[in-house]
Every structure is written in structure tokens, then in C-alpha cells.
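I've put the structures underneath this note.
There are two complexes below, and they share subunit A, which is joined by subunit B in the first and by subunit C in the second.
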Partner chain A sequence: MTRPSAGDATRGEKIVYFIAIAGLLGAIAFPFTAPSGFWLRTFTFVFMAAILAQGWNFIGGYTGYASFGNVAFFGLGAYVTGILMTKAHFDFLPSMAAGGIFCAIFAGLIGLPLLRLKGHYFAVATLGVAVAVREIVSGWDSLTGGGIGLNLPINPDPNSFRQIYFFMLAALTLSILVTYLLARSKIGYAWIAIRENEYAARAVGINTTLYKTLAFALTGLFIGLAGGIYAYYNTTIAPDSLFDITAYTANPILIVIIGGGGTVLGPVIGAFVFQILSTYLSFQFPGLQFTFLGLAMILVIIFMPQGALEYLTGRRVFGLAALLQAPRENRA
Partner chain B sequence: MNPVQFAQTLINGLMLGGTFALVGLGFSIVWGIMNLINIAHGEFIMLGAYTTYFLYTFFGIDPFLTIPLSMAALFALGYLIERGVLTWVIRAPLLVKFLITFGLSILLENLALQVFSGDYRSVTTAYSGIGLEIGGVKIASVRLAALLISILLVYLFHLFLTRTRIGNAIRATGMDLDAARLTGVKIAPTFALTYGLSAALAGAAGSLISMTFPITPSIGSGYTIYAFLICVLGGLGSVPGALVGGIVLALLQVFAGFFAPGFKDAIGFTVLVLVLIVRPEGLIGKPFYSGSEQ
Partner chain C sequence: MSNDTSILETTNLTKHFGGVTALDRVNLTLKEGEILGLIGPNGAGKTTFINVVTGLDKPSSGMIAYRSRAITGAPAYRIARAGLARTFQVTKPFRHLSVLENVAVGAMFGAQGASRSTRAAFEKAEQVLVFLEMKEKTKWSAERLTIADLKRLELAKALAMDPQVLLLDEVMAGLHGSEVLEAMDLLRQIHASGVTLLVVEHVMKAIMGLSHRIVVLEFGQKIAEGTPAEIVENPKVIAAYLGNRYAKPKETV
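Then we have the complex of A and B:
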């Protein structure tokens, strides 16, 4: 993750953006081709995985702080949405927006003290926040329904899956757009400077606390939005399934690793590869998909610690030598 | 809370603290020496617990006598995992090492789920219910024995690290990898040995846990998180620190469980975050191998 961001778009980048826009138009047209419900849901979950990865990308990919607490934003976004819809009888969209904003503010508030920690300590502390939030949510019976959770109002739209698909797509597009615009602004450069050398960044006058907190708040915002949409899709929210650390913290990080951190489209590409593959595996080998996931994680990380995209595009050696390059460099 | 309840809770906390010290010690050593957060630590504990369960259920071996066997089995497993997998990423960035142990943890948990099934199991011996009673305070004999065994193992490990040549080599590697190599320490086998010993301690902790708590293949991640807490509370890579951290966490848990059941982990983690912010080196720790940055 040591790639500087480019200033003006090169020709190669223009091609990438052309493909991205074509992909977006294709994604908008896709539900009108009368796909099966299976594919509609599969792509909805691809988009959700991409939002979670894109969310982690702000704090982990660009700023270099490996947060392991993102599952807290997902769960809180879902719960704020659910509570506003069931207890205050708000409509879905304002509830979802409130969930995202709540998570952004929450991330900013916990970020102020936690972002002073570095490396392992930050990872552990954010994981700790996630576990504490889950406990509080499952303990606060009167508001959250405790361990049983809440039942949201059923989506009245006859094409409800299509509607959820578009909500996810819209949130994903927004997250990509924000990443794209910020990555080439002063803010993006500040993040990368912090990631590469925080002391030097501070020495040249970057307000590191401000930019780190901003990155974490954006992480909270988008993951909170995804949580809200997921709550409306699933209609039942319960602490154990929403605060699943493997699904909503570990997998998004793996997706960013596969696609390449600190890039605009890497997390999206990683999400496609990961989500399609894991959906396939869970159908082909039901019950064994997590065993494969663990194995895949280990192999990807040993052989392609810089991300599969970087492995395929940035290598200077080929064949077996390329495969063995990373383990050779990193061994004891 | 009357005095008897207070004394009972205190005693329960102290007895649990011994096992927690063992839970945290192996994790702390791997973190301190190898600069590696081993998310799979809890799965080693789970495997240790199953070793005791199967040896007791199928061969009738007394659970306490299975502890050396479970330590030996887990040592072998840990040694092989380090030689086969972790050695290839040991110089990689922090996140890469963090994630690879996450992968290991998912793999071990799901393999265990396939092999052992998700059923809850427990080890109940003829003497499980026996205990002493002093002035209304009950002390379960199994838990008392677990405390004594934990203290013994922590002490033996401390002696090993400080009094033997290999122990010194391990500590030297943790302090400065390149300097240790220059003085003739072979790094790869030392790391494998460290990781194997950590797994062996986790195995012993698992054996003790199987005697007091029900076990399933998914108990691992909870213990990994406890290991974090213990390590942060006591200080990184410190043997006495693990003992202090284990007892502090256990006391926090039992008292939180008394006053606010359902929030005991929330309280534990709030304390963790506060300690991290105020005193990142732990309550009694000193910056050992403060390799938190890479």
C-alpha cells in the first residue's frame, strides 16, 4: 500500500473510468432485464460488500489505520434505522440517512481518542469498541429488543428486491464518487502522507487529527448506510447476526487486500471477485465455505500481500518467480 | 452485596484469574517476541479443550493428567503452523500478519466444526462437585486445582524464559531480531519454538477451561479477545504481567457479572479502551519490544 495517488488522469486511467461508467450504466440496466431473484440478490450483496470495503478503504487503505471495529458501524446503522422505523415510525429513507449520520458522528467521537493509538493497539481498541457496542445493544432490551432483536416493517414495494438493489447501488456509487473526489484533493494527499509517515506529515503542517478523524467518520457514514439498507432488506435485526466480526470486519478487509488498498476502484473489484467466489463456494460445498475462506485468506496473503490487482499489474518478474517473490522477501 | 457474597465473588475471580493468566500468557509472548497478533490463539485453546474432552471421554484419562498431553499436541501443531505458514510472512507489514492469523482462526474453527460438530460438550468428573466451604464461601476443588496449576505453569515458563539458554535466545530475538541473529541465534527455529510454546500454554488453558465451562468449536474467538484484554491490562510480553492482567480481568468480570449481568464484556472492553488511551504499555508493563509500529 505504498502507491502515491496520481494527479491528472493518464490515458490508462481514462480507460478505467470509461469502464467504470459503463459498469454503472450496466448495473442500472441490469434489473430491467428481468433477472432471476438469485442474481439480483447476489449483486445486491456484491454492492454491499463493496460499500463495506470502500468504507474500510478510507481509514485502512488511505490513512493506514487498520480498524477492526467496522462491524460496529454496520450494526449501529442497522439498529438506528430499525429503531427509527419501529419506534418513531419514520419512513425508510430518513431513517437510513439518520443511521449513516449517527455512525459518522459516533466514528468521529471514538476516533478522537482511539486514533492516537497506532498499529496493533488501534486494531485491538477498535475491536474492543465493536464488542462493547454489541453487548450494549443486546443488553438494552427496551430500545433494541435485546437478544431477540427487532422486526422492521415489511417493504410495501412489490419489487422490493429491486428497490434494495438500487439503494445499495446508489450508496456504493456515492462512496466511489466521494473516494474519487477526495483522493485527488488536499484531503486525499493528507491521508496518504499520514499513512506513509505520520510524524513527517505533522511536521509539514498537516492537521493529522482532523484528517484521521474525517477518514474515520466517512468510514462510519458509508458502513452505517449499508447497515441501514441491510436492515430494511432483512427486516429482522438481531445482535448476533449483525455484529458478526468475520462477515462485516474481516471479509471487507480481505476484499480490500484482494483489490488493493488506497485505490478508488480496488475495493469494488475485490468485492466482485470475493462475493461471487464465496457465493459459488457456498452453493458448491455447503457448510465448507468458511473452511475454504480461511484457506483462501492464508494463501492470498502469503503469495499476494500487496493485493491481487497489484500482483497482476505491477509485477516485474513472471511465472513461479512472481509467485514466490513475496514469501521470499517476507520470510524470517 | 454482603460480606459473604463479596468474599465469594472475590474468590471466584481469583480462581478464574489463574486460567485467564494462562490464556493471556501465550498470546502475550507471541505478540512481544514475534510482533504478531495471533488471532488463532483462541482456537488453540479450543483444541486443547477438545483434547482433554476426548482423552477423558474415550480413554478415561483423568482430565488433570491430560494437560501434558494436550500441551504436547498443541506444541506440535503450533510448531508446524509456524514452520509451514507464518514463517513466510514474518517480515510482512502488520496488517498482513494480523490477517493471516485471522484466516488460520477461521480455518481451525470450521475444521473443528466439521470434525467435532457444533454440540456443546463438557468434562464432568466424579470430583467435579466437591469443594471446601469456609465461613459460607464455597471453593470448588477443580477450580482451586486449576488456579494452582496455572500459577505453576506461569512460574515454570518464567523460569524457562529467564534461566535457560533457549529462553534467553527467545527474549533476545524479541528485543532485537538482527542483533540476536548476529550473536548466533537461528531466527526461524526460535520463532517456531516460541509459537509452539504459546500454543502449548493455550492447550493447557483449554484443558483447564474444559473442566469448568462447556465447550464448542466456536469458543475460540471469545478467548482471543480475552487474551487481548489480559495482555493490554498486564503489559505486552511480560510473564508477571499476564498473571496480573488475568486476575484483573477475572475480577472485573465477576464483579461486573454481579452488579450488571449482561454487560460484563462491555465493562471489560471499556476498561481496555481506557487503559489503552491512558497507559498503552499496560498497568504494570514497561515498553518491552514496543514493536507496535512497523
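Then we have the complex of A and C:
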């Protein structure tokens, strides 16, 4: 059942909010329970995976444009942060913010031409942009350090891992909040209308170019922020590790598919499942984790193609099943 | 009822799709407050006419004026917000949204969408669904609807946009006898509320009963224009629908 009207929370939704707030409080308290470094890092990476998935959710889940270029935003966010810290000697936070804003603007600018493409054409074009960005970053030695990369200043905080944990948690919370607020606004309905039938969306008065570009800019913003935080965590940034298409384009899409796209919490649930599972598998079966992940993916696709959230709640969401449908015939 | 002010006017409107001329120098005037029927055999260009007028397809040449202002080549969303709403012959619901949400999207982005909150858009959508007697299906997912209800949903989305001109592309196709009468009654009520209607329809009982004037298209060209009584007597129209053999005796009249 779909919600009767915006702002009226159903009982099920109230339970979800309660769990979300309890989860946030738990996440804030967690580092103070003196967890091992392993668990602190594991959850840091769960949050990062969730930000990347939440970022993809704007353009892929809500708007229905399957971008395969998000790795470019991750890498650029990291590099802008790194360059500002090493070359301009900015502090971390303004550098990270600049990285996110840079990626938002970059996404908006490439979105204007690319979002005229649909389906596979858009996916391949965005992948092409990602490859091109990686080549430019690799080749621009004077600014980026070329193939060797950059070394960021070491985080002076004695609890630096805890600090990174909180940066990731803050960025994730912000991304969830923005998704939650926009999903039930006119912007969210414009995105969904575009995803469901772009031709009909134009006919009801939706400025599709504007809303698609906005979705892509938000995708760029949050993935760029995650890239910046990751750069500060890792202190070394190099093209090969940052423009890793499997880690930063494919996995976030799989995470959204697991959790359910076009939902506020689906990507977060997917990130927990995916990240914990892949961490566990890589310890139990080193080298075989991808086999198991692939198997798990096949099972998800067969048994709950609409994503875990719909499978568990019975509520209609936009999931893999819809993404796999043939491109919509938009003409009468 | 209708006055002589034109609300929508096309001049030599032409649309080519590759080598096919779907619209060929169509001059059509829609007067404020009237119900204009647009008929013609399959492939005559009726749907193309609506697509081009609403900006969803760009015209190859010619002019479109809405309230004496040129809207030729304007983006579809601007034309929609200016007060022209249309329905789709091949229905295009937002499938994963509920019926209420589908209609609310129309209310959010149509002519008065900018000044309407999301909540007000849902209230408007409910009013429209009550008017169209779809109240009990508001929470249904649009993909559960039958064809007849999907046609009605098309009308609901368009009405929620607060249009001044409503372009209806075969909303009655597939309806049976009593449903056609109900639909005609609904359209008369919509018209009485001050909306100018352009009705594309194959159901002759409906088009003859509703229209003040009728324009006939064939192969993209306007071949006739007149009152329903004039149109049924027009030999060109009879030839277009039934072939020249049936039209010939009339030519002597």
C-alpha cells in the first residue's frame, strides 16, 4: 500500500523512524564502548558504502537513470580534498566540503548533455566519463602527482579512526535526511515521475532537465564527500585505488539493488548486509568472497528482485525488476 | 457558450517523421469555451497534432499560438503550466505510484502547481478523484487498474493540472454503451466549468453529441471543418472513412 498523503506517517513508518533514530543513537554511542579497531573500521566502511549507495539512489533509484560513472565523483572528491590540503594547505573540513561541491557542479555539467541519453546509452556514457576522468587525473602530474598520487597530511587527532568514523556517520546521516525530506516533496515526485514515464512527466508540467540535473548533482555531492573523507582516512591517494570501478560504481549499485532503490532506507539496509557479509566472507574464505557474493546476488535477484525492503515490508518499491524492464516505450 | 476569441491557433502546422508527413500545413482554430471534435481515419495525424501542440514533439514548420502568444517549439512543461493539458491514448500512468499520487503529481506541476504545497496538491487530487468517481481506488497502485480506469486516470491527471484547454486523445476508446454516456456527461460537466475541449474520438455517438464544431484530418491534411451536421454530409469525409464509392452519389448535391 502506498502512503495516503505526504506527511501522514503510517504505523509501519513510525516503527521505521523509531528504528532509524535508535540506530543513529547507537551509532553515535558505539565508538565510546571501546570497540576494537577492526569493528570501528568495519562500521566506518559500512557507512561509506551506504553513502555511495545513497548517492546513487538519487539518480538511479529515484530518477531511474543508471549511472555507471559514480566512481569519478569518488575519485574527484578525494583528489580535490587532497590537492587543497597539500597544495593550498587548507584544513580538512573546508577541503572536503569543496570536494563535494566540486563534484556536484561537475555532475550537473556533465549531466546536462548526458541525461539526454537513456538506459544503456546513459550507463555507458557515464562509464566513459569515469574512464576519461581517471586518465586526466593520472596524466596531470604537476597537480595530482600522476600515477604515484598524493600523500595527505597525517590526521593529528590521537583518535583519528574515531574521527573518520564520525565524519562518515555525519555524511551518511545528512544523505539520509536529504533523501527523506526530498522524497516526499515535489522534487521527489518529479524524480519518480521521470523514472516511471519521462514523456508523461513532461506532459504534466515537470521540467525534466532541471530535476534530472538536480538528482545527478546530489549524487555527485554525497559521493564526492565520501571520497574526501576516504582520502583523509587513507592519507595516500592514487588513481588505481580511487578509480576502482568495482568498488565504487558496481558495489554501490548492487547495494541499492539488495536494499531497494527509490526508498529512503533501502540503500542503508543494503550497505549493512553487503559490507558485513563481504567482510565476513573475505576473512572466512580469503579469495573466495566474490564467489559467495556473486551467489548471494543471484539469490537476491531470483527471490527478491524488488529488493529486501519490499520483500520484508510488502510495500511496493522500485527495485531491480523495474530496472531490468526493457526501456520504456514513450511514444503513443 | 463559446465566443469568437481564439484560445489556440495553428498556422500551417507541419510535422515530418523522416519521409512521412504526419501533419501537412494544418490551420486549426480552437475558440475559447467551445468543444471541438478532431476526427479522421487511423494515421490521420490526430495524436501527432496533440503531441506537437503540447510541445512533446517539435513541429517541422508552422506556428502555434496560445492566447495569441507564440508557443511554437516551447518546452512541453512550459506549455503544460500555461494551461494546456492532454491525455494519452496509450495510457501513461506512473506505475509504481498510487492513483492518488499520480493525480497529485498533476496538481503539483500543472498550471497552479507552483503556488500549491504538496499537501494542497493531494487535497486537489482527492477532489478530482471524487469528481471522477474513483474515490475508492485512490490507494491502489496504478499498475492494478483496468484499461477503463487507466483512461479515467489520464483524465484525472489532466484535470488536476487546472487546464484552460484540455486535449483529450480517445478517452472513450474501449468503453461500452452506458460508460460512453457517463463519459459524455463528465466531459459536459468539465466543459461547463469553463474548460475549452479538443476531443479526439472514434466513438461517433460521442463526438457528434458533444462537439460544437468538428475538424477532419486525413493523411495529415485538414479536409473538412464544420458543425456535426455539415460534417456527416461532407462527401470528402465520407470518402475518407468509407472510400470514394460511397461518397460519389453525394457529389451531385
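By our rule, the second predicted complex is superposed on the first by the 307 of 332 C-alpha atoms of A that agree within 3 Å, B and C clash if a C-alpha of one lies under 4 Å from a C-alpha of the other, contacts with A are read in each partner's own complex, and residues count from 1 in each chain.
One rule holds in what follows: a contact is a pair of C-beta atoms (placed from the backbone, for glycine too) under 8 Å apart; a residue touches a chain by one contact, two chains touch by 3 or more.
Quantities reported herein were computed from a predicted structural model and do not represent experimental measurements.
Touch criterion met: A:Thr208 reaches subunit C, while subunit B stays clear of it.
Judged by the touch definition given at the top, the superposed model places A:Ile245 against subunit B, while subunit C stays out of reach. Of the two partner chains, neither subunit B nor subunit C is touched by A:Lys87.
Annotation for subunit A, partner touching more residues between subunit B and subunit C: B. In the superposed model, A:Ala190 makes contact with subunit C only, not with subunit B. With both structures placed on the common chain, the touch criterion links A:Tyr199 to subunit C but leaves subunit B unconnected. When the two complexes are superposed on chain A, the residues of subunit A that touch both subunit B and subunit C are 1, 330, 332. The touching residues of subunit A, counted against subunit C in their complex, run 1-7, 184-186, 189-190, 192-193, 196-197, 199-208, 262, 316-318, 322, 330, 332.
For subunit A in complex with subunit B, the residues that touch the partner chain are 1, 60, 66, 113-114, 116-121, 123-125, 127-129, 131-132, 135-136, 138-139, 245-246, 250, 253-254, 257, 287-288, 290-291, 293-298, 301-302, 305, 326-327, 329-332.
Of all the residues in subunit C, the ones that touch subunit A in their complex are 47, 51, 54-56, 75-77, 80-81, 85-86, 88-90, 92-98, 100-101, 104-106, 108-111, 113, 118-119, 121-122, 138-139, 141, 157, 161, 169.
The part of subunit B that touches subunit A in the complex is made up of residues 31, 37, 85, 87-96, 98-100, 102-111, 114, 187-188, 191, 221, 225, 228-229, 232, 262-266, 269-270, 272-273, 276-277, 280, 292-294.
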